[in-house]
Amino acid sequence: MIAGLDPTLLLWLNLVGTFVFGLSGGLAAVRAQLDVFGVVVLSAVVGLAGGIVRDLLIGVPPETFRDWRYLAAAGAAGVVCFFAGPALDRFQRGVQVFDAVGLGLFCVSGASKALDFGLGPAQAVILGAITGIGGGMLRDVLLREIPTVLRQELYAIPAAVGAAVAVLGREAGSLSPVFPLLGAALCFAVRMFGVRYGIDAPREPPRRRSSD
Amino acid sequence: MIAGLDPTLLLWLNLVGTFVFGLSGGLAAVRAQLDVFGVVVLSAVVGLAGGIVRDLLIGVPPETFRDWRYLAAAGAAGVVCFFAGPALDRFQRGVQVFDAVGLGLFCVSGASKALDFGLGPAQAVILGAITGIGGGMLRDVLLREIPTVLRQELYAIPAAVGAAVAVLGREAGSLSPVFPLLGAALCFAVRMFGVRYGIDAPREPPRRRSSD
Amino acid sequence: MIAGLDPTLLLWLNLVGTFVFGLSGGLAAVRAQLDVFGVVVLSAVVGLAGGIVRDLLIGVPPETFRDWRYLAAAGAAGVVCFFAGPALDRFQRGVQVFDAVGLGLFCVSGASKALDFGLGPAQAVILGAITGIGGGMLRDVLLREIPTVLRQELYAIPAAVGAAVAVLGREAGSLSPVFPLLGAALCFAVRMFGVRYGIDAPREPPRRRSSD
């Protein structure tokens, strides 16, 4: 089914992405003082929701749900957060690094899967971005916040950039893992650059800024 | 696949509906001070979500996502809102008119598609209403508001009325576009009538009113 | 399709569960002062959403939407709540009993359906729990609250316990309705025990409690 990328590599990218996203969800739940079940659910939602939405939009049964390894990765992240949350929380920067790794892995794997199922390149880029940001959006909705990704910070743009690199490579006829890995790395770099320098996406069109 | 309505007409109804709904989503995002990405996402959500939910409930891969024209219509609405939002915002009434047009078009096309795929008439009316109001509900959830459609104004009722007209026509054996267009027009008229006279759906049963 | 459980029994379990969950959704809507449409929609969401999410995660078209009897059960619950809501509201305990009955029925039927479609036992337990708690989570999101199930009370754990009993029975080779009914009863009992004694799921790991 997956013709583009080495299946084992794709699986590992996805499992690692699920776990690190699960950590980011579980830590948000610990901060919001949810109970043990809430922490595990938030981990699972952030780790799995992006992939589930991706598969529903492609029109195939959600793979991440049928394969117990994804459930185990997301659940393990939740248990880690519940028991070690306050300790992990001190390493804010570490969590952002994990989250950026997950973003890079998911945007690339989402775009690759969309191409595998015959969607066009533009749709594949959008689907890659949705796979990357979907879990975090749902996390914010469940915690009753306007999704961060809609309000501030460079988050969706790195995901779209990473997905675009993977799609461009495939469109150029390459089936090697070079382009997807390059896309994931570029997404990670742009995201961390934005975190480091506190860059937000523009909130109003450039020409209006002078009139304030 | 689409036997009931002229496919080209159905496509155009859907594309125009997607664009005008996209405008309503994008303007809400501008008002909530989201960044450029948030504006485009809200446009896409309001423009596309109704149709995506409709297709998932029917059990087919979401058509609006595979067809780049829907993505382009929703994305264009977002870009227009980001650059011209404050100007558009002055024309509140204009936006409500657009929104009512979208509501009419979506409730009719949603009901028609449900019949095309063999759902019963009652399900088709409900699915038409969901197609019409789904995007707006998701918009309100993302902006952390209780969906307007659940609290006030005649919004779901016009959508159900329009869908019912389209379904009645089909049940009567007609495949002409007269009934769907009549349904869309009736939905538009009822909605604008409600806006004009500030009519809300009843909040408590009639017999209780005297006891207050 | 349904090999495990007597189809008529499964249907009735599901219809009764849909109605009692619909009551719990409609009463929450009456309390939040939604209009008549909002009350019916909340009833439908809480009554139907768990099953719809279950079917989407399994990868089949949502059965509860195609079958008018589910729509009728959920809609009837909404109408009852709109007209008799304040009266019903006085019987808070009664509502919690209904809700616990629905939880028991849904977790068992969700797990059974997952097994029928070839998912593994762990996935079936999780899917059973999602079927039970999904509607209530969506109800809280629409009413702009952090889902109760994530914050307090024994709610997800009884659902998982009930689903596990049904799955264990099937894994042991039994196709009789004994295990599912036992699972539903056990879920109901654990849930009501939690309500009676006000037990919450733990909010922090046990070993940390002494350090506070």
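Per-chain residue numbering starts at 1, and chain names A, B and C are given in the order in which the chains are listed.
By our rule, a residue touches a chain if its C-beta (ideal position, glycine included) is under 8 Å from a C-beta of that chain, and two chains touch if they have at least 3 such contacts.
None of these values were measured; they are calculated from a predicted model.
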Exercise. Same or different for subunit A and subunit C, when you check if over half of the residue numbers at their contact belong to both copies?
Worked result: different
Seminar exercise, completed: Rotating subunit B so its CA atoms sit on subunit C gives an angle in degrees, to the nearest 5, of 120
Problem set entry | Interchain centroid distance [CA atoms averaged], subunit A/subunit C, Å | 30
Seminar exercise, completed: Residues of subunit B that touch at least two other chains are 56, 141, 144
Problem set entry | Residues of subunit C defined as touching subunit A within the complex | 56-59, 119-120, 122-123, 126-127, 137, 141, 144-147, 149-152, 156-157, 200-205, 208
Exercise. Across the complex, what residues on subunit C touch subunit B?
Worked result: 29, 32-38, 41-42, 52, 56, 60-62, 65-66, 68, 71, 82-83, 86, 141-144
